[in-house]
Every structure is written in structure tokens, then in C-alpha cells.
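Down below are the structures I want you to see.
Two complexes are shown next, each including chain A; its partner changes from chain B in the first to chain C in the second.
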Partner chain A sequence: MTDIVLPLLIAVPIVAAVAPLLLSLWSTETGWPVATVAALIEAGLAAVLLRSVYFDGRLVHEVGGYPAPYGIELVGDGLSAPIVALVAVVAVGVLAFARSAGPRRNSFYSAYLLCVGGLMGISVTGDLFNMFVFLEITGLSTYALVASDRSGESAIAALKYLLLGTTGASLFLIGVGYALIATGTLNMVDLSVRLAEIYTTPGGSRVVLASFGFIAVGLGLKAAIFPLHTWQPDAYTYAPDTVTVFIAALASTVYAYALGRVVLTVFTVDFFDSVPIAQDGLLALAAVSIVAGSALAAVQSEVKRMFAYSSVAQFGLVVAAFALATPDSILGGVIHLVGHALMKGGLFAAAAILAARHGARTVDDYARLGYRSPVVAAAMAVLGLALVGVPPSIGFLGKWYVALGAVRSEAWPVAVVVFLSTLFTLVYVARLLERLYFADPGSAPTPAPGNAEAVADGGDESEEDRIDSRAPDSVSVGMVAVVVLTALVVVGLGFATSGFETLLEPVLSEVFSQ
Partner chain B sequence: MTEVVDPRPIAAVLISVVGTFAILAAHRRPNVREGVTLTVALGKFGIIASMVPGVLAGDIYVWSLGSFVIDIPFELRADALGLLFGTLASLLWIITSLYSIGYMRGLDEHSQTRYFASFAMSLSAAVGIAFASNLLVLFVFYEVLTAATYPLVAHDETEEARKAGRKYLAYTFGGGVAVLAGTAVVYWLAGTVAFTPGGIEALATADPTLARGAFALLAAGFGVKAGLMPLHSWLPDAMVAPTPVSGLLHAVAVVKSGVFGISRVVLDVYGPEAVADLGVGLALGSVAAITLVAASVIALRKDNLKRRLAYSTVSQLSYIVLGLSILHPDAITGGLLHIPAHAFMKLTLFFCAGIIHVETHTDDISDMAGIGKRMPLTMAAFAVAAAGMAGIPLVAGFVSKFYLLVGTVSVGNYVFAGALLLSGILNIAYFWPVVYQAFFESEDAHDAKPLVENPLGGMERSSLARPDGGRPEDGDDSADEDDDLDVDPEEFGRPDFSGSSEKRDYSEPAPLVDGEYAVDQNPSDHRVEEGDETEGDDADDHTSEDHHSTEDHHDEHHHGGPPPSGWTRSGWFGGESTWFMLGPILAAMTGSVVLGLVPHTAVFLRLIDGIVSAVLAGVTF
Partner chain C sequence: MIELLATRWAYAAFILLMVTGIYMMIANANLVKKVIGLNLFQSAVFLFFIASAYVADGSVPIVHSEGGGGPYVSPLPHVIVLTAIVVGVSLTAVALALIVRIYGEYGTLDEAVLREVSDD
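Here is the complex of A and B:
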């Protein structure tokens, strides 16, 4: 009976998304409470799923009772359960953050819940076209979220994201179309069997390769791999800070998970063995992304943009992990997906607090903030070092497994790039940390006071009067607590290998059983 | 070797983590804060010292958290080699903490809380490195050490300090990446990365090319912190840090952790037999021998005392690496014994440099003539420690050097033996002038130092008089410092070229600007600043180092040297400075003498004998 958790995970937030809009007939303050209740229910469902997968393995639900391969299957296994848990936890965390940070409109919370529902859908679906549907749901709600502070810059960024994101989803759909034409089925497990019959025959591999290519590029666009990343820096930078925390932690993460799911479950490792160019191409793309993303991040002066380019590099690492397709690297990929989401979300949240308190947006503005906001800056330092890969932290753990996977499969160029990614990340993180603590006292221009100081009466209707429309209205203890908690979890999970291993072991044995 | 499960290894690591937080909490009460540091230091040493008898008797104390990554456990193991480093670091931390109190308060330094907190964290990482039971745990603490020592390197918050900090991070994180890569390759080849006395068996039978590659990665990674050339360049720049940092961290904890890593790799990961079979021992020894000699030569030319000591450190660390690469029991013994020996001696030397800075603001050797009058105890300790560095008997350096020489000669490696002897002579060459001029020369009549003062490649001189009276090089770029004279013309009177009136009465001495004569702010006559050399080629590593020392004469507030009336005479009873600093200096000096007189009783040599016999069990020479 526990498999009912799977459709509930999707249905609850989508149904709840209607409530704030309906309830706004009575009051405009209903958005946050409704969203919080829904998110807490989600967290409970996610916990049930995680527990079930941890102890009992794979969980399957057939939607509407229709059997696979005709019906849609929802699957919870070691690959998807951590992502589901991540989405639920981050959703609750961001809501805790948004209580003081805003935005406050009911429509925002409707879009938020819709997005959570879409993300859950991508995570648990076992049907390729169903994945496209949820891809679109997530995408559309994300575009709305990015523009939710109603400023010109965020509108343009959202438009850019919309155009490129829809292109990506369309490419994904074309790939799914090719797969359907070749095999006649859309169920992932069934596809893997039927595709295998096709690409092992001479000449048959072209259709499959085409399908793979379109899907990979489409998802790569969504996950913002270089050179398909161009929407991401603007979207992250100009979205309201709360939204940036949410989409940085979740959106690209789940899209990268989708890529991993497609690679491992639909096309499988055998496809890489039969058609090596697919693996080599993906690996090359990932390696370039790591280097280019870090290089671009290093030259940024605005902090949010720097973190956005950093995500490009980190997702290159994740794609490399899935493309290597060894047990170690897949474990590393999943760990890094979860870890990066937490680290990047925490970093953006800390940046939001610093922007609200001190109006600090660029690296120069951060001069000596380590002493003016010691707790937040310390959390930022811990998260930054975890991103670099300093142990003990989940950042180190993921990187180690991916590197070990590369060494074991003797993919030396990839191994070198993965090892050097530590140094690449260090360039921009160290710059930020040095600025926070060791900047010259006289060098920093006095930054404009942040929103938390500027709003005299604290009225929450005066969003248009704020100096910086992206920054939170005010900084509460809860916001700081969220950031500190994230930093502690990131370090604590550095010791949690055994948990991840237990979760992923059935998946890995299945993937590598042939 | 019986393994005993015991929480003391992790307790030794965690006590100063707790201490770090306590120090941060006590930031408003300096005396409480300093008390926390001292208590924690004493506690740490107590825990570690309590394990020594057991380890000498053959026990090994183990504490494990279970599997950390794959099947590699997060485990701490207090064995003889670990205790060697751990005892050393924790003992010297006590001494350094006392010295730090005197130093930081003497200079009224800023951010003392951050300083003491980072220090505690660094020591925690150092002890973690000492007790790591496998390469991965060692890597974890290695990275934590880098992160914890960075605030100490960049402490001054000046542009120079920040640059030094960036360089430090770049080099040490790069080294960490190499260590991680080597660890991954070793794990892939051998299936384990745990330290096994005598080496991991599977590694000896693995593919030689890959094994050599992994050794190169590990040696390079650890070699960054161990100051092997050409990866040593961060060390002289890190001298911008406060002297206790330079002393403990860059002469004891950080660099010794690099050397310790190499010793673990040679002794416990590869093992002497595999190192000999693969041929990597000779390569490592050659790098060490070159570093030995080259660093000593560079040190001859350094005027800034701390920089001279930095290059001396680079040179002395290679003694240890050389000893480890020779693989004869005496050579290994000598190398390992040099870890504590050098630590005591170098700490003494750095503390002397620091106390001189605090008391007289003098950093350059050329200002230190006759300083033995002002700081007799300090310079006496300096003399003893310097003698030990050169290998003079009765001080610790002699014992380790003797073992090293015996070892190299026994194996027939006369080139290395020659390098050691040459380095000993060079040591005398760069330490003796400091000692001699302190006691036997005076401020107003001291000898020139041609090695320091003269540029490489000689100077151009002219026998004919030059119209402007300047030195031949004054037309070059770096001598245009007249623009920087911040002298108010109104105060001194503008030069009146009409020749008619003279507003200034030249029978009076010129007024002082910032405590010295205006003409002396940018002296051009009696000495050549190192930055004035017009060496352009960076091909030679030695010359490029000197460009880094152009910061020597940019030290803004350092008008070092004797006051105009000469050094004041302090007695031999501690009138020269506070006992917070003098005590540690004398303690460190005594330590090096004790280690030189009775190395077995001072427990280090006994530990080392245990290590060597365990590692070389069954290996014949």
C-alpha cells in the first residue's frame, strides 16, 4: 500500500496550488500558510518513501491501475528517493526562508507549489513522455517564479529562460519521439529492453543515437551545461533571491537527475558499450563544462552571477559522473547532486541575507562583511569550502567517488579535470572568502543600506519602493538559522556514505547486472 | 604490535576543536581566552604524552568511526611515527602559545581572537595528520590544516599578506589535489590505502608505471608543504605572517606535516623495498639533495632574517626527505630524528627573530650589528640553535646529521654525503655572520656583507667621477623614489637655487622625519636594496626568488636598526624583553640541547628506533 505515496507526492502540491488563488477571494495572506502545510505533508510523504526504499528496495505504482507498458508507472528507487527527499526538504527550507524574505503574493505560492509538484513528477516518473509533461509543468512554473518580483530585468531573464527552456523541452520531446517510433513504447524499463534489441543490430544504432542525442541536448539545456547554459546566469541573477535559492537548489538538480535516469535506465550502460561515441561525447561536454564554468565564474564581480556559473561547472561534474557509468561514479553523481543542491542553495541564501542587511551584491561590496555578519559569513565560508571539496563535507564525498570512478575506468583526461576542478572552484571561493575577512578596511565603498535597514515602516505593500527588488524585505533569525543548518548538514552528510550506498546498491546491481 | 581500542587519539584531536570554539566565545576577555589556549595545549600534550609509554612497549592505540568512504575507515591510529609528530607538535604548541601571548600583546596586534582560534584549529589538524591511519584520513586533515592556517598567513590584512595567502592557498590546495589523485590511484591499484609498516603488499606487485605515477603524485603533493624545490616558493612569502606563525606552523606543523606525509608514503604505503625496486627513492633523493644545496645558497643572500630562516627551513626539510629516500636504517633514523631536532632549533631561531622584531623593530641582518648588547639571551640562544643547524656536536642537529651521513656513506651514495657536508658548511656561512656581528661587532663599526649587498653578476663601477655623484645604477627604474618623499617643503624650506639666501642653518642636525633623517628614508649610498638588481631572466629559479624579496624594503613602518645613540645594554637576566617570549626561546633552545645530549632519554630516538625496526623487518642491507 505504500506505493500510494508516489502519486500523492505529485498530487498534493498540484492540488494545493489552487488554494492560494481561491482563498485570495477572502485574504491576500493565505499563500504562505497553505504552501507550508502542503510542503510539510510532502516532507512526510518523502520520508515514508525514503524509508520504504531504504529497507525494501524498489517501489512501483501503476497510475489508474493500468499495467505497464501501456500505463504510466511511478517508481521510487535508490536513484529517485534521495532526489524526492531533497526536493521536499528544500521546499520546506525555502518556505522557512520566505516567511520573512518574501515575495508575499498568493500567486507566487501557487506557482511555487506547482513547481514542487512538477519536480516531484520528474523524480518519480517511470514513463518517458510523462517526464516531458512534468518537465513542462516545472518549466512553466519556474519561468513565472523567476519573474515574480515584477521588475524589468527579471522579466527579460524569465523570457530568455522561457525561450531556451522550451527549446530544450522540445528537443527532449523529439528524442522521445524517435524512441517511440523505433520501439513503440514509452515506459522506461520496457524501452531499455526494446532499444537494446535495436542498437545491437548493425545500422540500428543510428535511430537510438539520434534519440539519445536529442534527449541529452534537451536535458543539458535545462540543466545548464556549457554551452547550453546561457539562460542560467541571467535567470539566477535577476530572480528574487528567495526564488534563486529554490531554483538553484532544485531545478537544475532534478533535470540533471533526469539525464542520469535516462542514461542509466532507458539507454543503459550497454548502449555506451555498443555506441562509444555517445559516452565520449557526453564526457567531453561535461569536461568542457567544468573548465568553462569555473573560468567564467572566476571573472565575475557580481556574486549571484558567480554562483550561477559555478553551477554550470558543478553540473558538468554530475553529468561526467553519469556519463562514466561506473558504480563509483554513479554513487558520486547522486551524492554530488544532493550535496551541490544543499551547498548552492545555502550559498544563495547567505548571499540573500547579506544583500538584505548590507546591500552587498558584488564581491567588492563583501569587504569585511565577515566581521559585520559573522554567523552568516561563517556559514558561507563553510559552504564555500565544501563546494571546493575540502573534507569532511558532502562536496568532498561526491568528488572523491567521481574521481575514483574516473581513475578506475582509466579515463585519464576526465580524471585530471575532476581533480583540477577543486583548484578551479578554489579560485572564486577563495576570492570571496578573502574579501569577507581580509579586505583592506579602507578599500570597500560603503555599500548602500540594504532593504532590512531602508524600510522604515516595514510595510509589506511597499515592494515597489524598495531599493533592491530582489533582496528580502527583512532578515529574521529563521533565515539565518536555515543557512546555518544547511552548513551543518553539508558537513554532517560528509560522513553519510553508508546511507547513500545502501540506497543505491539495488539500483547499481541492476544497472550493472548484464 | 597489539592494537588497543582507545579514545585518546580522537580526544587529542578534538580537545583543540573545542578549544577553538571556547576561544571564539571568549573574545571579549583576552586573559580568559589566553588561558583557554594554554589549558587546551597542556591538555593535548598530556593526552598524547600518556600514550607514549604504551606505544614504546608495543601497543598501538586505535579509534575508528566506521567506514568513511567505500570501505576506507575513518580511523585514527597512534603508532610510533604518529606519536613522534604528535608529541612534537603538541609540546611545541605550549611553548609557542606562551610566546604568542608575549608577541601579540607586545605588538598590540589586531584580531587576536581569530589568531588564537585558528592556531588551535591548526594544531587539531596537525595532530589529526599525525594519527591518521590511512591516506584518506591524512588527506582530510591535510586540507583542514590548509584551511585553518590560511587566516594566520593572511593575518596582517595588508596587500602583501593577502598575496602571500593566495599563493599559499594555491600551492597547498594544488598539493592536496595531487595527494588525492595519488590516493585514488593507490586505492585502485592496491584496494586499500591503510598504512602498513613495510608497505602495502599489493602495491609492490602492481604495474610499475602506475605505481611510479602514484608515488610521484603523492610525493609532489606532500612535497609542496615539505618545501621541495620547485614547489617551495610559498614558504618565503608566508614569512609575512606573525613570527609565532612562521615558527610553529611553517617550521613545525605545516612543513613537518608535509615531510610526515612523505615518510608515511615511503615507509607505510610503498615500503622501503618497493621504493627501492621502483627506483623512485633515487629520484626523490636527488630532488632533496638539490633542494638542500640550492636553498642554502639562496639563504646566503637574504638580508631579511625571517626570509633567511625560511630558506634554511627549505634546506633542512630536505635533510629529512633525503634520509627517507636512502632506505638504510641509519639514514631513515637520521631523517626521522631531524624532524624533532630541526623543529626545536628552528623554532628557537624564529622566536629570536620575532623577539628582535618586537623589541627593536629590526628585521634585517644588516641592522643587527652589535645587537648582542641589547638582547644577549636571545642572541645566545640563536647562537646555540644555529650551531645545531650546522651540525655542531652537543646540539640536536649533530645527532641527526651524523646518522644521515653514516647512512648515506654506508649505501655508497657519496654524492648525497657530499651534499650534506656542503650544506653544513653553507649553514655556517649564513648563520655565523649573524652571531658574530651581534656579539663581536658594534653598530658603528661593523663589516660589510658582500654576499648580501652585492648584486648577482657584479656591479658596474667607474673609475672616473660622475657629474651627478650617484651610483651607476641610480638611473634605473626602481631608484626613482624621490617622488615618495613625504616631506613637507614648508617645514624644511625649499631649496633656493638662487644661492642668495640660506634659510636653514646647516650647523644643526637635519630634522627627523618619522624618527630618522629624511635622506635615510631612501638610502642609496651605503647598501644596495635587493630590488635594485636589474636581473631580468627568470629562467634561473634562484634569481627569481630575489624579486620576491623586494618587499623587504617596502616594509612601511620598519625603520629597523639601532637607535641613533646605539643599542642600550641589557643585562643577562632578562631585562631585554618579557619572559613570555624569553622563556619559550630558552625552553626551545634547551630542548634542542637535550635532544643533542641524550636523544634516547628524550624519548624521540626510542620511538624512531621502534619505527625503523618495524618498517625494515626482514629487509637486509
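Here is the complex of A and C:
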């Protein structure tokens, strides 16, 4: 009966999302408690799922009692369980951060819960069309979250994200359509069997390749792989800081997971073997993304934008891991997905705190902040070094296994790119650390605290508008604790290889069984 | 080629609509027209699914207890399109809400002007 947690993971946040809107008739400050209760329930459910998958293996729930392949299947396995746990943990963490950082409107928490429900849905679904529906639920709520800042820029960034995100989801839907027309089924496991019958017949591989192409480009657009990343830096930069922490940690992560899931479960490794151009294309896309994302990150002056471009590179790494499709690289890909989410979430949270305390938004503003906010800066340094891949940290583990997979499968260009990306990451993280700790005291500008005084900046903003409406209103001990805890977890998970191996073992043996 | 167009005209229309929609999103500076382009693109996808589900002389897939009565039309693509239409409507609503906010803030919907304004 444990499989009941799978539909509950999706249903609880979506049902709870209605409550803040109804309750706002009575009081407008009820969103946070409702969201927190729902997120804690989610965390409990995720823990049950993780435990069950860890000890008993794959968990399947047939929605409505209709058997697969006719009905919709929800699947908890070694690939989806870590992502579900990640979504639940980050959802709780971001709420702890939002307690004093805001936003406080009830409608914000409704969108937040919808987003959590959608992310859970993408993670556990075993049906391609169902995945599209959850992609759109997640997308819609993310657009609303990005626009929840009052500035005009955030609305423009959200609209840009909406146009590109919807295009991505529609391309995904066309790919699903090709697969449906070719096979008549939408269930992932059933599709993998029937697609294999088609691409192994002479001349039959073209429709499968077309389907793969549309799905890969669609999800690549959603996950912000270069050159499909253009929506992402604006969305991350202009969203309120709390929202940036949430979407940087989860949105692209779950889309990249979806890509991995489709590659491994629907198209399978055999498809890569018989149609090598699919694998080569995906690898090329990922490699370009790693190099371009890193290079763009290194030249940014605004911190949030720098981290945003860094995500483009890191997701290139994850996609490369799934495209290599060796046991080592898949293990590395999943570890890096989880690790990157925690590191990037922590970094954005740290940046939010520094922005609120010191009004620091650019790398230059960070001069000597290591001495003015020692705890947050230290956590940021740890997270940054973990992102580079310094052991012991989960960042090192992920990169290590991806590189190992590339070397073992003799994909030398990918191996070179992975090492290059480490150097590039070092370039921009080192620039940040140098500013934080070793900047020349004389040259340090002392930026005015963002929210302490209101300065009319010549725009048509009203007087009481804060200069920086994205930053949290105030910094609480809880917010700092979230960042420090994240840094500790990132280091701690550096020793968790065996846990990930045990989780993924059944999945990997199934993927490579043929 | 001509024969292909004559028998597969629905798919040709799908390609045409899709490309027109994407072109509108890229080339048009007006934000509302970009959203219209998006709608066109989505409609193209609906057409693709509906066209693929067409069965000559197919009947409604209600199987009688004594069996027989085929060929039936697969209901799955129709259900998919129905869901996708609902998704498309909500997306359009959110997009228009954002556009109202942008217009309220800047007083223009021209992409080029908006870029200049927000660079200041």
C-alpha cells in the first residue's frame, strides 16, 4: 500500500494551493503556514518513498486502478526518488527562507504550492502526455512566481520565459505526438518496447529520431541548455530573490531530470547504439552548453546573472552525463542534479542575504564583505568551491563520476570539456572569493544598504518604493541558518556515494540489461 | 509532391501554421502579436494530433456487448487535444495578464522600445 504516496505527493500541494486563496477572504497572512504544513507533509511522503525505494526497489501506482499501458502509471524508482526528496527538501528550505524574506501575499504561496505539485508530478509520472501536463502546470506557476516582483523588468522576464517555455513544451508535445502515432501508446515502459521494434526495422528509425529530436529540443529549452537558454538569466536576475532560490534549485533540475528519464526509459541506450546521430547530437549540444555557459558566466558583473549562466554550464554537464549513457555517467548525472540544486540554491540564498544587508548586487560590491558578513560569506565560499568540484563535496562526486564515465567510454572531447568547465568555474568563483576576502580595503566601495533608505532614482517609481524590491526586507537568523545548513549538507553528501549507488543500482541494471 | 499534398494536406497545414506561428513570435515586435503567434503555433499542434486520429469511416469508440462494429476512432489524441486546449487558454490568460502589467509600467508594448527603456 506504500504506492499511495505517489499520487499523494502530487495531490497534497495542488489541493493545498487552493487554501491560501480561499483564506485570503479572511486574512492575507495565512499563505505561509498553509504552505509550510503542505511542504512538511510532502517531506514526510518523500521520506517514505525514499525509504521504500531504497529497501524494496521500484514502486508503481496505477492511477484510478486502470492497468498500464491504458491507464497512467506513477513510478518511484532510483532515478525519481532522489529528485522527489530534493524537491521536498528544497520546498521546505525555501519556505524557511521566505518566513522573513517574503513575499507574503497569499497568492504567492498558491503559485508556490502549484509549482511544487507540478515538479513532483514530472518526477514521478510514467506517462509521456502526463509529463507534458505537469510541465505546463510547473511552467505556468513559475511564470507567475517570476512576475511576483513589483518591477516591470520581472514582468518582461516572465513573459519572455512564458513564450520560450511554452514553445519548448509544445515542441515536446509534437515529439510525443510522433511517438504516439508510431506506437499508439504513451506509457514510457511500453513505448520503449514498441519503439525498439520500429527503429530496428530498416528505414523505421526516422520517425523515432524525429520524435527524439523534438523532445530533446523541447526539454533542452525548458532546462536552459545553450543556445536555448536566453530566457533564463533574465528570469533568474529579475525574479524576487526568494523565487530565484526556488526556481534555480528546482525548475531546470526537474526538466533536466525529465530529459534524462525520457532518454533512458523511453528511447533507451539501444536507440543510441542503433542511431548514433541522436547520441552525438545530444552530446554536442551539451558540450557547447558547458563551454559557452562557463565563458558567459566568467564575464558577468552581476552576481545573480553570473550564477544563472553558471547553471547553463552545469546543466550541460548533466545532459552530457545522460547522453553518454554509461553506468558511471548516469550515477554522476543524478548526483550532480541533486548537488547542483543544493549548491545553486544555497548560493542564491547567500546572494539574497548579502543584497539585503549590504545592497550588494555586483561582484565589485562584494569587496571585503567576507569581514562584514563572515558567516554568510564563509558559507558562500564553501558552496562556490563545491561548485568548482573541490572534494569533499557533492559537487566533486558528481563531476568525478561524469568525467569517469566519459573517460571509460573513451569520449575524449567530453572528458576534455568537463575538465575545462572546472577551470572556468574556478575562474568565476575565484573572482568572487578574491573580492570577498582579498579586495584592497581602500578601493572597496561601500554600497548603501538596499532597503535602509529610499532614494528616488529618477524613474517614475513612487517615493516609498524601495530601490531594490527583489531583495528580502530583513535578514533573520533563520535565513542565515538555511544557507549554512545547505553548505554543511553539500559537504556531507560528499560522503554519500554508496547511498546513491544503492538507490540507482536497480535502475542501472534495468537500463543496461539488454 | 502534388499527390502528397493532396492526400496529406492536413499535415502540410500543420507545418505551415507552426512555421507562421514561430515566425510571428520571432519577427513581431509587438508583445500581443507574439502571444497570437504562440496561439497559432499551439493550434498547429492540435491540428497535427486531430489529423493523425482521422480514420476513414471510423465510428465512435463505444464497443457493443456483442462486439464488432469497427473500425473505431482512437479517442486518445482527441483527449490530448482537449487537455492541451485548456493548457493553452490558461497560458494565454497569464501572458495577457503580464502584458497588461508591462503596459501599465512602461506605456508601450513594442519590444525594441522596452529594451531601450529597461537598459537605462
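We take it that the second predicted complex is superposed on the first by the 501 of 514 C-alpha atoms of A that agree within 3 Å, B and C clash if a C-alpha of one lies under 4 Å from a C-alpha of the other, contacts with A are read in each partner's own complex, and residues count from 1 in each chain.
The rule we apply is simple: a contact is a pair of C-beta atoms (placed from the backbone, for glycine too) under 8 Å apart; a residue touches a chain by one contact, two chains touch by 3 or more.
The shown structure was predicted, so the numbers you read here are calculated from the model rather than taken from an experiment.
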Mind checking chain B and chain C on superposed chain A, clash or fit?
fit
For A:V390, select first, second, both or neither according to whether it touches chain B, chain C, the two together, or no partner.
first
How wide is the angle at chain A between chain B and chain C, using CA centres, rounded to the nearest 10°?
140
Contacts of A:L140 with chain B and chain C, given as first, second, both or neither:
second
Which of chain B and chain C A:F419 touches, first, second, both or neither
first
Return first, second, both or neither, reflecting whether A:I14 touches chain B, chain C, both chains, or no partner chain.
neither
Looking at the overlay, does A:V60 come into contact with chain B only (first), chain C only (second), both, or neither?
neither
Minimum Cα separation, chain C to chain B, after superposition on A (Å):
32
Residue overlap on chain A between the chain B interface and the chain C interface none
What residues on chain A touch chain C, complex-wise?
129, 132-133, 136, 139-140, 143-144, 147, 151-153, 155-156, 158-159, 162-163, 166-167, 170, 173-174, 177, 180-181, 184, 186
If you look only at chain A, which of its residues touch chain B in the complex?
328, 385, 388, 390-392, 396-397, 400-401, 403-404, 407-408, 415, 419-420, 422-423, 426, 430, 434, 437-441, 495, 497-498
Chain A contact footprint on chain C (complex, rising order):
22, 25, 31, 34-35, 38, 41-42, 45, 48-49, 52, 74, 76-77, 80, 83-84, 87, 90-91, 94-95, 98-99, 101-102, 105-106, 114, 118
Given the complex with chain A, which residues does chain B contribute to the contact?
65-70, 74, 114, 139-140, 143-144, 146-147, 151, 154, 157-159, 161-162, 165-166, 169-170, 173-174, 176-177, 180-181, 184-185, 187-188
